[in-house]
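Two complexes follow with chain A in common, the first pairing it with chain B and the second with chain C.
Moving on to the complex of A and B:
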């Protein structure tokens, strides 16, 4: 279904979604972030992209798995703590971030269902905002099987047509959100459809970054596994891990116990984001470390995204949002690394 | 497996046995679940043990699936969680989730001679597969165990090893000369070369320190064992146990889920990063 919503009517639509918690991009000192908005007219969709990706909502940086307590060590009790029941709608999701969630669906599904992730995921509707132009010079979604107006992972995609939005519902959940007050939406006409089409072909041309031989990348990287290429490319890495924390599809995590009181014992088990860029990520208690140097760790990050994940799930684990390039303090640029990998003879 | 793969079942430690003393002590813990649950495992699989307040650690199950009244975990005191386990007493409560990973394909080995080669604590995962096969010993050919440790004081399951001699050939070794030691002196791979197990209709299973595994495999290859006749287990740092947290991977393989049991033929195909 395709609809038109005037920009003036956006708050009215949000008002009608009062059964849901509404998240939208909110500007803070450090940049834009997703936050719960209380007043419908404070929602603005005129923004580039959030600093932390959408994963920060669906796969929070810290979440409690369970609580444990005991008086004497022999009367232990464990309580499962799943996320709450709130239903949410998230506005302003860029297609790269939504696609990353569809990749995360693969990781947290499969043989073992991750109940924490899926409870939130199933209670959340994603409303996307197409990119009429790259939101940053580092964007490269269309170089990695994506597009600035991709609907993958979304329930509705909105395209900004100046004074109004063009809305496409992608899923049944999306249709439900559009089933509100009659006069809020108008059916999209031929003119609107043409405007969207023109915007899209125009947008595609504005992305400058390319990845040659993308589909051969698993093989190219396999051949480079033992090469000194990784030492050269990782030379400047200061293992800060920001590339992975900001990445919308990086999902590696740690599980730890946090103790509130030792006697009687009371505490929680928490999951937190972790990163393959930290040396102790893979270090055994014996001190042995399969990925002990920065070269092995950069190789892991790039290979996971462009070789291992495609081998496992037939998709690249990178959606071209460009955050890792934009925010790397030493200028490691994954697109450049992949370009060099294609030409590397060593 | 439970609905929530991160939620441990509570279990009571019913017996603790000190196998090896000293700085890197080894103890065997026998546990029983407090509540009936669907936990059922195959030899080679691991379980995530919780010491609440300290965290979790992935440990191989060293008892055989045919032992129904307890599960056994033989654990070296190494890091935060294993040190906390070593401080625990009988009747203390731990958490267990799993089982995780694949298993030794013992059903495919019927009719074959089995050679088990272990070093130090590496006998723990071998113990489960050895006893699983031993349970139906008549279905297999000859059994041989080649096992060694730094000193005789570092050998685990000492009493049981003596009992095993009635059922199979047992070759023990220590790394250096010590008074009263009458068996082989030298490293485990050297003992393999010395005892020359035949590759004919045989399967070799080896677990131990990575450096020992490397040279055992070389020794077996020198004896003309084929890569597909050699099995080992891989250890890696693990947190989730279900192929999601991202740290135990070797290429696109997750050791917690796709391992820990690999034939050398399979392992050779993976990136050399373990």
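Moving on to the complex of A and C:
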């Protein structure tokens, strides 16, 4: 269904959604982050993108799985701790971040259903905000099978038409959010539809970054597996976790027991983000690490996104948000790396 | 003004004569106006070399990788690595020499002066230009920068867009370097420890609240550590990579492996990481500001290390990296030490 909501009426809509926890982008120092907002008036959707992606809410950096304790050191009591029951609506989600969540759905909903992930996912409604133009020069969603107006992973997509928003709801969950007892929404007219169409075709042309050989990447990367290409491209890499932690689709994790007291035994089992860039990633207990240097680590990051994931799930594990390019402390640019890989002879 | 042609000529000659194995410098990146680190091996690649106000990177960080490689290779390379250094970068080399991590003969230093200006803070620049994309940024006259956007060229003063660490910089050129490109300028807008003075006036409770809020933002990406030349430990306190388990390792031994900080990005663990790192910076941090620049969540890390730097300055008249022949702060002792208890 397509609707029109005037910008003035946005706070009124949010007020009506009082059964939900409302997240929206808020300013923090130089950047933006998703935060729970208490006052509907404070919601602004005039922003580029958040520093930390949507995954930080649906796949938090720290997730407590269970609590364990033992009084006598022999009998162990274990209690599973699932996320709370709060239903949430997240406003202002950029299409790249929403698409990344739909990729994560494949991982956490495959052979093994991850209850922690799905509890949050099912309790959350995602309201997207289309990009009328790239929010940063590093954006490249339409170079990786995406679009600045993609609805993938979203429940509703909003498009800014100046004084009003054009709303498309694409799921049942989205329809529910629009079913409020008020005359907040008007049906979208032909004029609005045309305005949206024009914006879309205009936006598509504003992206400068291209990956012409995208569809051949799995094969190109497979052929470069043992190449010194990776050593050359990773020379300046300092092995920090920025690219992967800021990435909306990177989902590697680690599980640890955090012991609060040893006697009596008490602690929690937690999942935290992990990254292929850290020295202990995939380290074997023997001390051997199959990805032991910067070249192998860059290869892992790029290959996971453009070779292994497409081979397994038939989709690229990169949605072109550009965060890894923008925030890399030494200017490593994944698009440049991919395009260089095409012609590499060595 | 830096004579880039002369710099390239010098670099080319070094590579041609095989006096250095390769040269660490800067080149234009693929991401807009920003320069990136360059590893130049062939004389013909020297043309890539660039020098502009986005050459923020402290390239001495890469000497750590180089030293490790040299130490682990069977035939040790006896030629030095050529490296472009600014004033702050040079102090980092001096610390590495003091600590005997780096050998003088492994490095060929090419000094470059920031003259009246320094490096640009990208966040300040974005604010100043209201997020307009920058096409090019160059050094202008004196302490001014010339910025090119789609609307043309504008001139912006250093006060507005210069990185804080440069505004507080004490030496804008690498004193002691054998070759220095550019003028040895004593700057006028020097204001050492300005940021520190502001926070130090706050009462303890407010300082605690400030740092707690800052560290709660930390996502433990360790970019501050990874970009830092001083963080050269083979095993960092936060990475358990030295626990090799053999067939004989008992469960007890594994369980007893100390984890100094959990991976969880929670207040206590974040404090443990940042304060441990800070303690290791006493008398070592040269204020190149790379940690703060790299931080994706804007934690004002320089303040932490500035506190230690000023303490070293006040108590021991010691400035990190000012003299490669001086012993390191924490392993030196003099008879006129200001502390009674130690004499």
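We take it that the second predicted complex is superposed on the first by the 344 of 346 C-alpha atoms of A that agree within 3 Å, B and C clash if a C-alpha of one lies under 4 Å from a C-alpha of the other, contacts with A are read in each partner's own complex, and residues count from 1 in each chain.
What we mean here is this: contacts are C-beta pairs under 8 Å (C-beta built on N, C-alpha and C of every residue); 3 or more make two chains touch, one makes a residue touch a chain.
None of these values were measured; they are calculated from a predicted model.
K.L.:
So if we stack both complexes on chain A, do chain B and chain C clash, or do they fit?
P.N.:
Result for chain B and chain C: clash.
K.L.:
Is A:254 in contact with chain B, with chain C, with both, or with neither (first, second, both, neither)?
P.N.:
Touch status of A:254: both partners.
K.L.:
Could you look at A:107 and tell me whether it touches chain B, chain C, both or neither (first, second, both, neither)?
P.N.:
first
K.L.:
If we overlay the two complexes on their shared chain A, which of chain B and chain C does A:26 touch? Say first, second, both or neither.
P.N.:
After superposition on chain A, A:26 lies in contact with neither partner.
K.L.:
In the overlaid three-chain picture, which partner chain does A:312 touch, first (chain B) or second (chain C), both, or neither?
P.N.:
A:312 sits against chain B, while chain C stays out of touch.
K.L.:
Touching A:285, do we find chain B (first), chain C (second), both, or neither?
P.N.:
both
K.L.:
So, A:138: does it touch chain B (first), chain C (second), both, or neither?
P.N.:
Only chain C; A:138 stays clear of chain B.
K.L.:
Chain B has the stretches 40-48, 58-66, 76-84 or 130-138; which one runs into chain C?
P.N.:
The one stretch of chain B in steric conflict with chain C is 76-84.
K.L.:
Mind sorting out which residues of chain A both chain B and chain C touch, each in its own complex?
P.N.:
Looking at chain A, the two contact sets intersect at 254, 256, 283, 285-286.
K.L.:
Can you list the chain A residues touching chain B in their complex?
P.N.:
65-66, 68, 70, 73-76, 78, 80, 82, 107-108, 110-116, 225-226, 251-257, 259, 262, 265, 267, 269, 271, 274, 276, 281-286, 288, 290-291, 296, 303-304, 307-309, 311-312
K.L.:
Flag every residue of chain A that touches chain C in the complex, lowest number first.
P.N.:
28-31, 48, 51-52, 61-62, 137-138, 235-236, 238-242, 245-246, 254, 256, 258, 270, 272, 275, 278-280, 283, 285-287, 294, 325-327, 329-333, 335-336
K.L.:
Using the touch definition up top, name the residues of chain C that touch chain A in the complex.
P.N.:
Going by the criterion above, the answer is residues 29-32, 34-37, 39, 57, 61-62, 65, 123, 127, 131, 133, 217, 219-223, 225-227, 236, 239-241, 243-246, 262-266, 290, 293-294, 296-298.
K.L.:
Quick check on the complex: what are the chain B residues that touch chain A?
P.N.:
1, 3-8, 10, 52-56, 78-80, 82, 91-93, 95, 210, 235-237, 239-240, 242-252, 257, 271-274
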